[in-house]
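Structure record follows, encoded as structure tokens.
Every chain is named by a letter (A, B and C) in the order it is written, and numbering of its residues begins at 1.
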Amino acid sequence: MSATIALQPGALERHETPTTREPAWVKVLLIGIALTFFTVFLLFPLFAVFIEAFRKGWGTYLAALSSQDALAAIRLTLLTAAIAVPLNLVFGVAAAWSIAKFEFPGKRLLITLIDLPFSVSPVISGLIYVLLFGAQGWFGEWFAAHDIKILFAVPGIVLATVFVTFPFVARELIPLMEAQGSEEEEAAVVLGASGWQVFWHTTLPNIKWGLLYGVILCNARAMGEFGAVSVVSGHIRGMTNTMPLHVEILYNEYNYAAAFAVASLLALLAIVTLGLKTLVERQTRKQQTESLALENAS
Amino acid sequence: MAIRKRFSPLPGFGLSLGYTIFYLSVIVLIPLSAVGAKTIGMGWEAFWAAASNPRVVASYELSFGASLLAAAINVVFGLIFAWVLVRYRFPGKGLVDALVDLPFALPTAVAGIALATIYAENGPIGSLLKPHGIEVAYNPNGVLLALVFIGLPFVVRTVQPVLADLEKEVEEAAAGLGASRWQTFVKVILPHVTPALLTGFAMAFARAVGEYGSVIFIAGNVPMVSEITPLMIITKLEQYDYAGATAVASVMLIFSFILLLVINALQGWMQNRYSKGA
Amino acid sequence: MSIAIRNISKHFGAFHALDDVSIDIPSGELVALLGPSGCGKTTLLRIIAGLESADAGRILLEGDDASDRHVRDRNVGFVFQHYALFRHMTVFENVAFGLRVKPRKFRPSENEIRKRVTRLLDLVQLGWLADRYPSQLSGGQRQRIALARALAVEPKVLLLDEPFGALDAKVRKELRRWLRQLHDEIHVTSVFVTHDQEEALEVSDRIVVMNKGGVEQIGSPDQVYDHPATPFVASFLGSVNLFHGRVEDGHLHVGEHALAVGAGQLATEKAVGFVRPHEFDVLPANAPGSGLPGKILRVIAIGPLAQVELLRPDGELLEVAILRDTLSVLGLREGDEVSLRPRNIRVFQNDNERLAA
């Protein structure tokens, strides 16, 4: 299961002919429904974030963002993503390489297990680390004895974030690399390339867009995760608050302008993510058309 | 544990698979097994007491009921979105196509406060609905609303490529055989996209049941009325009732795993259906 | 470099792809592995290259056991069926790849690489495409670039998997001749896999006919065509007409008719005779001497040849190819009764082996 969408291959639009066309009123009605739904459910909330953020003017906005706590939250969010994304990137490449390029028993099971974090409620994703590292947890005593704080501290936040963003890169790359097959890699091996050379010169150039796509989605989730992080953070201002947690605190304190100011940064992140995503999709489509030409040609 | 693989001239199998299994175990499998271990450790009676507490049961009813309803709503609107995006040209289409994924990309807490603000009774939409006796925020309606928001892309993005793949010739053939446009839709197009619709439904449902961030701000969180199950886990954790939290969590986990199997089966069905070139 | 294939077996699950296969390929020859799809020919080629492992048996290259040698160290060139060109590299970089990935000690200088790639591109007559990307090439051009890339590392053995499979008929014919000429120039031991008998007959020095994971016959194109060792070879190479009957006193008895097959043929109750379409003389029904009666159903003119469809007395169809001139000299037309005289008939004992027809 996915909390995300697979990279969309192929053009998603068709050219219609009179026989495959609906009456004009049906078309207008359907577009109308879609646009209304789109406006009310998607566009309004997005606009609302920015309107609320600037309701009290630029001064308040900038003040909210430059407060000590806000800056600390931004720093922690960036740090968390900077650790979680590379970890899951390396994992995703390793997993996709073993799964897509080799045949071995238990492969389907492995893919299902990799998807597991997506089907677990974010709250439970946090809970499991409480059970592991909490005072009565499996490793809690040992870490307490060595004076290492995991829970209600930065390591716990990072762990929970790694868990919820775990499958992103892998699940983009696995189907992509499976579809590409191994012929180019085999050709490189026959020509004498070493393992790294094979990966670097043949595999990586072919998966770079898919990889980027996975990283973008992984990063968006890492920076925006709320439920899991909320369980393990302990909400210590200036210490263990990420941006989404900071938004929650400000909101619950009825400090709406400040809450939405921080939220506007996260909304901006979402917009950039969607923009990049569209861009990457366009690139992949281009690449796909080319490789299709490569297969059909003579 | 030696895993026998088929011969391949490519290098790196042992390293990549070894690392995959190691990392998977450390990050996912061992932590998740803690829930199982803790549940078994507490004994049946303690588990049942925690998992069947009336307030918790009320939260199951709300979470599962609202999630089912939200997923059903998403099937209808998701199909319309996919249809419109694949078949029609209209101004702003590129924007719509890109922003359909907003619920994926927008942090849930942000979505939550935004929805709560808009639909609160003094908010821009809430204030319009209030005179008609419709209150959306801070009651179960709010839960439903947030879950519809969060689930929409699942249906759109599973159905969209399938709809785009449907060969035009098939529809032309149906028309040529005398079918009206509506008959073609019901007898040809709808069966084609059914597996995708079901998959999207199951995904939206599964996501909705576990959703937390976008819901709690608009739900009101009134005990027995508008508390969702994930919130019950948090509440119990805040009271240091780890056993109770774990019991509720394992109920949700079992449910999620069953759904995961269902979704895998559906996707298998989809692959079969669509790869044989229908 | 010579290749010796010794008792190679390979199975995938319950499927036996190769069953105790042994073949000797002398240095410098161009050999075709010919057979229907699923006969194991591509698997064998990949085993020679080291892209696949055998369950049993050895591969000797120039007399040395190479079975456990990694594909990198076998010094083979491999041309993939779909070419497997690196799509993000230019033609030049594709061909240069094998040189660039050599360990620093063995890597030629940039100048040397440039010279060698240019020479190879000239060899395949595509020097002017050096800066293009694979997606900008036609199928035939890609095929030749794939070949140049394989040759860049100066392999001792060249292996080609269905080298013309993905091309259309006209380009295929051109490239076939071109490959033959190229081989005559560079003389590197080459093995190619094909399911197209015409291709094998035209290009190769020697043909290995394979079926169901085994070798049916090894020989020159003339040998396998004119003297097929098994019913499978007879029916797989070119079209044939089958006659089921029994052999007695040097004759194959088909129903009430008898065809002379030579005294050397052992008597047997169940036999099959194979006659190729062009190995019949067609005479008017009342011509002297014994023959097989038939009725002309259809005459299809293909250039100077006429393909004649006849109905045999046992109700089966028969295909005969003769010169159109001959047909008109004899004055034969559709509907006429004729007498068929096989000039050449190969008889195999029919021990219920299924024949590919």
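Just so we're on the same page, contacts are C-beta pairs under 8 Å (C-beta built on N, C-alpha and C of every residue); 3 or more make two chains touch, one makes a residue touch a chain.
Everything quoted here is computed from the prediction, not taken from an experiment.
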* Asked: So which one's got more C-beta contacts, A-B or A-C?
  -> A-B
* Structure fact -> So the chain most remote from chain B by C-alpha centre is C
* Structure fact -> Expressed in whole Å, how far the mean CA point of chain B lies from that of chain C is 56
* **Between chain A and chain B, centroid-to-centroid distance (C-alpha), Å** => 16
* Asked: Distance from the CA centroid of chain A to that of chain C, rounded to the nearest Å?
  -> 53
* Asked: What positions in chain C touch 2 or more of the other chains?
  -> 51, 71
* chain B: which residues touch two or more other chains? -> 9
* Structure fact -> Two or more other chains are touched by the chain A residues 186, 189-190, 194
* Asked: In their complex, what parts of chain A are in touch with chain C?
  -> 183-184, 186-194, 197, 201-202, 205-206, 290-291, 293-295, 297-298
* Asked: For chain B, which residues count as touching chain C in their complex?
  -> 7, 9
* Structure fact -> Per the touch rule, the chain C residues reaching chain A in their complex are 49, 51, 71-72, 76-78, 80, 82, 84-89, 97-98, 101-102, 134-135, 137-140, 142, 149-150, 152-153, 166-168, 171
* Asked: Where on chain A is chain B touching in the complex?
  -> 1-6, 8-17, 19-20, 22-23, 27, 30-31, 33-35, 37-38, 40-46, 48-49, 52, 90-91, 94-95, 97-99, 101-106, 110, 112-117, 119-124, 127-132, 134, 136-138, 159, 162-163, 166, 182, 185-186, 189-190, 194-195, 198-199, 217, 220, 223-227, 230-231, 243-245, 247-248, 251, 256, 259-260, 263, 266-267, 269-271, 273-275, 277-278
* **Contact set on chain C toward chain B in their complex** => 50-53, 70-71
